[in-house]
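Across the two complexes that follow, chain A remains constant while its partner is chain B and subsequently chain C.
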Partner chain A sequence: MSNAYQVVGKRAPLVDSIDKVVGSARFGADIKLPGMLEGKILRSPHPHARIRYVDTAAAEALPGVLGVITAADTPMVRYGTIIPDQTILATDKVRYIGDEVAAVAAVDLETAEAALRLIKVDYELLPPVLDMEAAMRDDSLRVHNDVPNNIADHIHFERGDPDGGRRDAYACFTRRFTTPAVHQCYLEPNSCVATWSENGSLTLWAPNQGPFAARLVLARALVMPEDKIRFIQTFTGGAFGGKTWQQVWPITAVLARKAGRPVRIVLTRQEEFEATLPRVPMIIDLSMGVYRDGRLAFKETRIMSGNGAYSISAPAVHYVAATRYDSLYRLGNIRCTADLVYTNTVPTGMFRGFGNPQMHFAGESMMDMLAEAVGIDPVEIRRRNAALPGDTSAHGWYLGSCAVQETIEKAAEATDLVNRRRGGRPLADGKTFWGIGMASCIHVAGNRTIYKPYDGSNARVQVSGDGSVVVYSGEADLGQGCRTVFAQIAAEVLGVPMDAVTVAAADTDFSPFAIGTVASRVTTLGGLAVDLAAKDARDKILAAAAENWGVPAQALDMENGSVISRSHPERRLSFPVAAEIASDALGGKPVIGVGEYRTEGVVLPDPQTKYGNIAIAYSFGTQVAEVLVDTETGRVRVLRFVAAHDVGRAINPLGVEGQIEGGIAQGIGYALLEEIKMDRGRVLNPDFLDYRIPTSVDIPPIESILVEPDDPNGPFGAKSVGETAVVPTVAAVANAIYDAIGVRLTDLPMTPDRILAALREKRAGSQPSSSGA
Partner chain B sequence: MVRIEYVEAASSDEVLAALSQWGPDARLIAGGTDVLMDIRRGKYTPPVLIGITEIPELQGIRPTEGGLWIGAVTTHHAVTMSPLVLERYPVLASASGKVGSHQIRNVATIGGNICNAVPCADTAPALLALDAQAHVLGPEGKRVLPLDGFFAGPGRSVLARNELLLGFVLPDRLAGAGGSYHKHSWREALDIQMCGAAVVLTADPGDCRCLEARIALGTAGPVPRRADAAEAALKGAVVNEELASELGRIAAAEARPRTSARATEEYRREMIEVLVKRAILDALAHIKGARS
Partner chain C sequence: MKEITLNVNGENHRLEIEPHWTLLYVLREKLDLVGTKEGCNAGDCGACTVLIDGKAINSCLFLAVRSEGRRIVTIEGLAQNGKLHPVQQAFVDVGAVQCGFCTPGMVLRAVSLLAENPQPDATEIRQAISGNLCRCTGYVKIVQAIELAAQDVTTGSGVSDE
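== the complex of A and B ==
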């Protein structure tokens, strides 16, 4: 897209990429403090048990051990991101294999590990609650004694007339879709370094997605004032939702206080798989119908979401699964019932897409089934139903910009999808089948529900007398590139080159308050705050220059990094000179621009009906997958992906493409390979040998098509892409498999043995092909 | 803190001396890609690791009496790139090339792959199908034993604790025979086998009648094994697609795979059928290609 901007819209390599490549970036585990001890956590080996006693005497007596903590050393209050159902260490019961029971700080790791083995815990074993459907029965044992039926959250809402839609539908289907828990598999494991000062204030370093949000929950857990806690975000080696909350933070803090020394805990990969927060697994019973003309008649959904043993952010994930997909299309008749269910398994949480990929897998599979039933192609059914700009959806979402139609058309055009569909015909060898499939998606740019009191973002832009610029934001760069985007926005507004701009790390002592990197909100909301702050700094510089020249401020403007006189454009000051004048006028202080962006037109949705516009902008996309299925082995190879995404204006197209490619890679793993396998609450594959993510040779060429309508609200018209990129991927692969071999896979991952089993069922004639209303 | 001694042996005699000095818990280490993982996982804690990669006797790929010598500490990378292996026994180069990743193939050795004796060792079916002879040195001197019979159980070989594998000899008789190794795994790279099949056969180039045949399977039982019944049915028969399918079924029927968290017995058996069929057809194509 052509634009009049100098920096925005240009392909910018990430500003911190060199630090990462040469190894000078300091990640969580790189933090070392004088006198620092190493910590290890003792975890429950049982999925469900009452703790009779914990005896730490032998561990404490081991030479080299400086601190051992159990629940008794913690405030023992219940806290949580949304539902207060957690404690720092297990008090009465352990609720999953991996639940934290005690922790040890010692002079080295080996000593800490040896001390763990010396802690005696007397457990009274309880039958584990493992199956969601069984857990919801009245006679089920409870994971939390005060939660009947193990239901952590229940959602029910209706829009329009779903029964009427079902009655009038020309065709409809009902299917059960299941999705497993999958792990974010960020390369950097979670870690924390904590230290206390004599006056009782706490400093923590940890990779995370928003130090302010983390501090808020930490203050509740530790029962101490927020401002006594300084939370510093280290370089973060990927997060994908998995670093918004981690138990290792309060545990390290309590351990450091007990030991009287700084403590570091770095989780092992096994701990990551067994005891961090993977994607919420879901069982989705979906009914959808269409009228004869291919318009959607209704959608009715019953969802069971696996909360695991504690809630963290799963209630929000579950709400997204229940609602978000519905605004992709002009769909009026909706009924949804959803339950979030406790079981004695690893607590689940947020993972890129936040419940949305789960529902899109079901919904976008269903769209292809409905298209076939009315005899139109997958492109046409989406085109006929897709939302349009200016629409207010069934949930009250206002789509200020919406180019989903264009993404459908561009993705279809680039792949010639309509003409290349195979409809289950084999290739020449009779055993290999090629197929092509499409899926569209909607996602948000920000979400009002993330932080109850407020939605927005804040930034400071500091311009020193030498013309150098520092941006302060509390929003976190996880590797996705918001530092680069912020630098681009500030450079654009001030008219300076990008390398004149530094973006400071997020630190609760110095950064302006921020909600954090969730809900694909940071480029949009964080970017708006940086835009405002840079404009404020610019205006202050212009005012100082005007005073210096003895003219009114309105007579001056900023152009290509210079202050110019509107009436006499030959009169100009270079940016550093103007900055010096402004700084001198302040007695040598830097110029501080302040940006406080607060969303308008978004609301907290009604707690019962969930109605209300939650975001200032919505992003869309359509992806097309091409696959090869070997019907003798059941193996699926993805050959090509084309992804057309409506991202608003791309501030950094290089970064956008990186997000799309990464999202698709993660989606291919979710579609074909990944699953945290469990047996009676135990994770069977807690390592990269048996938890397989795709390697570079499993990922096909990916072609990104950026569709860039200027959004009326976003900074420079920008929206979001970070999570959107993974939302339709699984469904695109499922639809391509269907096109190849004519079988509809409804359980993830779509493994070779499942594909062979589905083919066998089809040959036996037992695969359901259609159903009446 | 765990302390493990390390001894770098300069000759096979030094290895034997160290083994007798340190006793049965000592461990030999070459590439270390299995040994170090096992130690880290607490599977065993040897008092000493005896390094063997610098011993000239255990190195190299060279013609020897009756066949091709491949030293035990030859890395998979070296096997994969060896012109001698590629020319005479391409099935082995293919199998070595499917082990782990580049990084692993650069350090892991073919002797280690066999002595570790897991059912999913990629080079085991290829070496079994090539009638490899294992050359072993012990206090009593050298002995030569066929690889068929080398594996005693999952993770166990017939080597005594005080013996050292020197290398393998692949027979001249099978140099240039048709061969193929098929590995089934979940993804395209960096993966262990769900199951594997290697086929080596010689056939009359005229009517494709099989003269000699070896079919070996990985992860089809507690140890890598030959598919005897399928081999017997192949020998003397005219090799074609129909026969290949039939042999796949025979091999699947005689295989003894098990259900694990990785795959079910049923699915593994189905895959053995497919892999054997495909490997036979590839081996046949290899023979036909050599003829034309």
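== the complex of A and C ==
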């Protein structure tokens, strides 16, 4: 795309990548304080049990132990991100294997571990609630005594005339799709360092996705004023949704208070798999139909989402699964019923894409089935239904920019999908099949947040007398690169080179308020706040220069890093000189630009009907996968991915590519490899040996095609990409497998065993045929 | 406790250690070289990779006592006189760094690969780093970075870990 900008739109390595390659970036576990103790958490070995008593005397008596806490040391109030159903440590019951019961602080890890073994807990075992369908029955035992049928959240809505659509459809299918719990597997485990000052204020360091949002829930959990808590974001080694809330934060805080010393807790990888917040597993019963011409006639969905033992952010994930996919196409007749169900398993939560990859797996698989039924190709059915710019979707979403059509066409063109489809013919060896598949997607950019409905962002841009610039924002960089994007935006507005700009880490004592890196909101909402703050700083510098020259401020402009006179362009001041003049006029104080972005035109959806424009913009994409399927071993090899994404204007194309590549890699893991396997509530594969994530040999070459319509709302026209990138991946792989071997897999992950079983069924003639119009 | 001398990044350190302590633990907790990361403590992720006599090993599986008398290089010791090693520079330039948690291990793994095989092809690179997990990048730009660094090293603009 042609680009009149100096910095925006240029490929920029991350501003903090040098700290990362030399090893000086300090992540959570790298924080050390004088006198710091090591903490460990005692977790429940039972999926469901009443706690009769906890005896910590022997642990407390162990030399080197400085503090032991149980629920009695905590405020024992119930809190939660959305539904207040958690406590800091288990009070009456434990609800999953891994539930936190007690914690110990000691001089070293070995002593803390030894002390854990000395804590006696007397449990009265209860039958665990494990199966979602059974959990919803009236006679089921309850995970939380006050929640009948174990339903944490229920959604029902209708648009248009779904029954009429079904009646008039030329072809329709109903299928059950299932998706497992999968873990974010950020490489850095969660951790926390906490310390208290004499005046009763608390300071925490932790990798996280938004220190202000974290502090809000912490204040509720600890029953203390928000401003007595200082939450500092450390370098964050990946998060992907998994570091928006962690129990280790309040536990470390309470432990540090009890021990009277700073405490650090670092989770083990096993604790990560057993007791953090993996992706919400879903059972999706989906019916969709098309008219003779391939236009969508209706969609009807029944979803069961696995909440696990506590809710955290799963209600929001579940809500996304119920609604978001529907605005990808011009689809008017919709019915959806969805239940979020408690079970005695690990609580689930956010993972890149929220519930959107789950629903796109179902929906985009179905689109290919419907295309085949009406005799058009996968490209054509998507083109005929794709949303257009200016559309308001069935849910009231206004698509200010929308280039999904173009992403479909570009991805199809780049892969020659229409001509290269094989339709289940083997290669020369007779047992290997090559296939190609496509899937499209919609995601949000700048979504309404899930905490309180605040959805703007704030920033400060400080320009010192020497011309150096610091950007302060409370949004969090998890490695996705928002510090770099903010630096680019500030540099562009002020006309300075990128290396003149520093972006401060997020710290609730100093950063302007922000919700954090969730809901694909940081480039858009955070970026707009930085844009406003930089413009405010620029205007203040221009005003000072105008006064210095004795001309009105409107007579001046900023161009290529200099202040110029509009009427006499030869009159100019370099940026550092202008900054010095502005600072001197303030008595040597830096110039401070303030940016407060407030969203307009976005309506919090009605709690019942879910109708409302939920984001300032929407991003789109289409991915094409090429695979090889070995019908003897059932093994799938992904050969190539082409991804065309409508990201609005790419502020940092290098970063956008990185997000697409990383998203696809995670999607390939979700499609083919990953699953938290459980038996009676116990995680069977809590390590990287048994829970395989893609390695360098599993990921094919990935080609990114950026489609860049200028979005009317985004900063410099930008939208979002990080979450979007993983949304269609699974469906693209599933559709490619179908093209290769003619079997449709509806359960994730698509393992060799499942592929072989599906092939056997097909040979036996029991695979439901796709022409069942 | 046992007294040993560890040579880390060219400096000798006299330390009292327990025989069961891993090199990772000693580096991070006793020498404060926290650039070496712990992602699993089980040999499955490669975040803890360091060089021992030029070869990449997982320091979470390597007992500190065994490293006595050997040359240990951690990520902190790779840049020389403020100049990035060509592998580090290439990681920055092509955008192979996102969160950065796998980066120290990945960079050192690449340094040891290039010492053994100065001109690896993409398949050899992918094989060599397959024990180092990265959850952010999809490995695409990491492979590119190592290819780029290989060109730099073979054109002589690089420095080795010597």
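Following the convention adopted for this analysis, the second predicted complex is superposed on the first by the 766 of 773 C-alpha atoms of A that agree within 3 Å, B and C clash if a C-alpha of one lies under 4 Å from a C-alpha of the other, contacts with A are read in each partner's own complex, and residues count from 1 in each chain.
Methods note: a residue touches a chain if its C-beta (ideal position, glycine included) is under 8 Å from a C-beta of that chain, and two chains touch if they have at least 3 such contacts.
For clarity, every value in this text was computed on a predicted model and none was experimentally measured.
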Problem - First (chain B), second (chain C), both or neither touched by A:695 - result: both
Practice task
Could you look at A:67 and tell me whether it touches chain B, chain C, both or neither (first, second, both, neither)?
Solution key: neither
Exercise for the section: In the overlay, answer first, second, both or neither for which of chain B and chain C A:289 touches. Expected result: neither
Exercise for the section: Could you tell me if A:20 is touching chain B, chain C, both of them or neither one (first, second, both, neither)? Expected result: second
Exercise for the section: Considering only the touch criterion stated at the top, classify A:242 as touching first (chain B), second (chain C), both, or neither. Expected result: neither
Practice task
Check whether A:590 is in contact with chain B, with chain C, with both or with neither, and answer first, second, both or neither.
Solution key: neither
Exercise for the section: Based on the superposed arrangement, let me know which partner A:673 touches: chain B (first), chain C (second), both, or neither? Expected result: first
Practice task
Decide which partner touches more residues of chain A, taking chain B and chain C as the two options.
Solution key: C
Completion exercise
Shared chain A footprint, chain B vs chain C, residue numbers 689, 694-697
Completion exercise
Per the touch rule, the chain C residues reaching chain A in their complex are 28, 32-42, 44-45, 47, 74-76, 78-79, 84, 88, 91-95, 97-104, 107, 125-127, 129-143
Handout entry: Contact set on chain A toward chain B in their complex
Key = 108, 110-111, 632-633, 635, 637, 673, 677, 679, 684-685, 689-690, 692, 694-698, 751-753, 756
Exercise for the section: Name, in rising order, each residue of chain A that touches chain C in their complex. Expected result: 11, 13-14, 16-27, 29-30, 32, 184-189, 235-238, 240, 266, 268-269, 478-481, 654-655, 657-658, 661-666, 687-689, 693-697, 699, 701-702
Problem - Touching residues (chain side chain B, partner chain A) in the complex - result: 1-2, 184, 186-192, 261-264, 267, 270-271, 274
